[in-house]
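Note sheet for the following structure.
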Amino acid sequence: MSTVEHLGRGPLGREELAAVVARDIPRGAFVNLGIGQPTTVADHLPADSGVILHTENGMLGMGPAAKGDEVDPDLINAGKLPVTELPGASYFHHADSFAMMRGGHLDVCVLGAYQVSRRGDLANWHTGAPDAIPAVGGAMDLAIGAKQVFVMMTLFAKDGTAKLVPECTYPLTGLACVSRLYTDQAIFHLGPDGVTVAETYGIGFDELAARLEVPVRRG
Amino acid sequence: MSTVEHLGRGPLGREELAAVVARDIPRGAFVNLGIGQPTTVADHLPADSGVILHTENGMLGMGPAAKGDEVDPDLINAGKLPVTELPGASYFHHADSFAMMRGGHLDVCVLGAYQVSRRGDLANWHTGAPDAIPAVGGAMDLAIGAKQVFVMMTLFAKDGTAKLVPECTYPLTGLACVSRLYTDQAIFHLGPDGVTVAETYGIGFDELAARLEVPVRRG
Amino acid sequence: MTAILTDPDEALAGVEDGSTVLIGGFGMAGMPVTLIDALIRQGAKDLTVVSNNAGNGDTGLAALLAAGRVRKMICSFPRQSDSWVFDGLYRAGEIELEVVPQGTLAERMRAAGAGIGAFYCPTGAGTPLAEGKETRTIDGRDHVLEYPIKGDVALIAAHAGDRLGNLVYRKTARNFGPVMATAAALTIAQVSHVVEVGDLDPETVVTPCVYVDRILDTKAGEAA
Amino acid sequence: MTAILTDPDEALAGVEDGSTVLIGGFGMAGMPVTLIDALIRQGAKDLTVVSNNAGNGDTGLAALLAAGRVRKMICSFPRQSDSWVFDGLYRAGEIELEVVPQGTLAERMRAAGAGIGAFYCPTGAGTPLAEGKETRTIDGRDHVLEYPIKGDVALIAAHAGDRLGNLVYRKTARNFGPVMATAAALTIAQVSHVVEVGDLDPETVVTPCVYVDRILDTKAGEAA
């Protein structure tokens, strides 16, 4: 296998990135989509994907965002936004919900990140700023719980530094937990053997590798 | 308070003993009745006692034994005998059922015993015979779980030795867990200060004390 | 035996200064707002409050915080767009904060209710939230030793409850309620629909009556 | 995704020698008799079986034991009036036995399903069943450190299941099924009533479909 270079185009837009993540979720998988950008992945799952969504506030079989009359204050997602219920759904309390996550029963969890390290460490809960009020929510539970953790983020911060780093400098959410990293410029697979580049978008492998401090291999 | 001596009568019969235990269960209490003789306590609870029975195989609000058409193979007690369901009952799985017990939510558990020690140690699961196959069931969970553990047994073994002992010689079920001991000849309250005799049946306090190796006090 | 009450103030009677109070809800779903308002009136202070968040806007838990009655918050996610009351108290050093991962928060209360003395949990291992905690490698994976969180009081909201105290919830409003009910010495539930004993299907009861000490019938309060 | 099968032998396909098999049921309530019979035909040997009892009479689990396929039993109560098959094997030294208090048995499987590495449990502290186990005094009370029991396979029985794999149980037949379903890599449920997706009320599902890999439709088998 080799890296697929999508050239003659720019980096992935936010919706395009969500579509690429959706494409890689196996049919029939049980999936938790984190708050924010990961939530948009749901909009790109094919109607017949058979994917079943978990929301850690106590539901399996979550449907799309609720609109108009569908809005029910008792039916919200982890981002506290109103959602809907699909046939075959089930509800459970928080201890059971996180048992489902922590116990490794979900196939994929998709999260955002500030930084991901070469060995798959994740930093996504705290900027480390001295005056920041720490708030973790379910981030640490999700990071270590699912069989596979996908992260989606922009590859470079606004200051141009890569967010795929040799070692995270932000406070950690979980160790060696990220298996795939989806960014606007490239898709990385992380594992014990290091980082491989599965695809690039609007940039070639060599240029990408040159811009990273983390050694990467062709996929 | 002093020991109530019921003289001019013999020791309590099995049904009488069950009635005395039933008398001492507070109104509205949540109660688990162990397999065997403790089960018969239910028959002596007043109709308006408000006592709610727990069976550790996953039910709160257990009713009397099922008869005739009431028998349902899916509705049994911990002794695997068919029982009935009362209004306000609920079902739960084994982990939740034993969480309810272990977490100290039940007011009283009534158990049988081979031996009870002066400090409330309980031996009721194993005779210690070298060829016996060990089998504990829920005995250890029940022994340490309820707010109060009542034991009912005959006070003396067939060989005449008392089953209220300085130290249990049979393998232990739980340490310092028995709060009250109901026997055919006397009712004992056990606590950090030792053993007091609340009532005697067909025997006076002094004669009883003389027949025991455990020091007892008037109640 | 469960008391069925219609007066919120009566429902909160006896909560003592220094209590640990578990407060249900995730967002507004399952939030026992009537009971929180009654707790504010009740006046207990020096409280430790355990809840997923640390209050929103100026009402409910935020109002309890603003009234200066909370010494410490134990929660997973205090910082929100509208958590200005907590934020102000925290930055002023006027409130303690213990941040606990959301699943560990639930599991620690479950342990309290289930009589588990402590448990080894993989969540948070190697992160700042594990600092100072005992850790152990089990089956090649790092775990953090976590202790139960037991409440003196739990305030929860349920959809329906019968007069024995059995409760059912509605959709994701179930969240922390069933766990907190098991973890507190005194569990008080505000219930929208109080029904007769026998009206709830025994197969569907989520919180068995043994866990519920007082029910506040919120519909009866409205009618009065 | 859950497979809905009508052939018991197909339901048991792939169980390997040396597997740990969790078998539900308490007494005959919730006992997956059709699956046990299929496991006997399937032929896997050197099994560790985790179940509350160790077989009754000459059928079901007792027949599996009699066929010499079980290396070790982990259970709370092997000795019963009609457990002669187990008794004979045990006295002949032909089977290992680990006796676990009933609630600890359930909690150890719950821990396996919930990703808990180990837990301190007061049950059995100071008794022969705690011998050789790590103990710790927490809040003045002795606790025993207990580790998860994880299954390669769980065989359970449920009342109804939908085609996604959601399960509900009936009365005290619920017992170990929901816990075992969470604790095994491969969960196989025999179900009396297979219904369409959407036929089960989401509030009443006891085992969410994520825990169920295969459903054996026992009614369909009867009709065939």
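In this document, chain identifiers A, B, C and D correspond to the written order of the chains, with residue numbering beginning at 1 in each.
Heads up, the rule we're going with is that a residue touches a chain if its C-beta (ideal position, glycine included) is under 8 Å from a C-beta of that chain, and two chains touch if they have at least 3 such contacts.
In this text the structure is predicted, and so the values were computed from the model without any measurement.
Common neighbours of subunit B and subunit D under the contact definition above: C. More C-beta pairs touch across one of A-C and B-C than the other; that pair is A-C.
Remark: subunit A and subunit C have CA centroids separated by 30 Å (rounded to whole angstrom).
Between the Cα centres of subunit A and subunit B there is a gap of 55 Å. With centres defined as mean CA coordinates, subunit D is found 33 Å away from subunit C. Separating the CA-averaged centres of subunit B and subunit C is a span of 35 Å.
The set of subunit D residues touching two or more other chains comprises 107, 110, 114-116, 121-122, 169-171, 202-203.
With touch defined as above, residues shared between interfaces to two or more other chains in subunit B number as follows: 85, 91-92, 98-99, 101-102, 145.
Chain contacts here follow an irregular pattern that is not a line, a ring, a star or a complete set. Pairs of chains in mutual contact: A-C, A-D, B-C, B-D, C-D.
Within the complex, the subunit C residues that touch subunit D are 107, 111, 114-122, 136, 138-139, 141, 143, 147, 168-171, 201-204. Considering their complex, residues 26-30, 76-80, 86-87, 90-91, 97, 99-107, 109-110, 121-129, 142, 159, 169-179, 206 of subunit D touch subunit B.
Residues of subunit A touching subunit D in their complex: 27-28, 30, 50, 52, 54, 59-61, 85, 87-92, 98-106, 145. Within the complex, the subunit A residues that touch subunit C are 55-59, 72-77, 80, 85, 91-95, 97-99, 101-102, 126, 131-141, 144-145, 171-175. The residues of subunit D lying in touch with subunit A in their complex are 1, 110, 112-116, 162, 164, 166, 182, 197-198, 200, 202-203, 205, 208-211.
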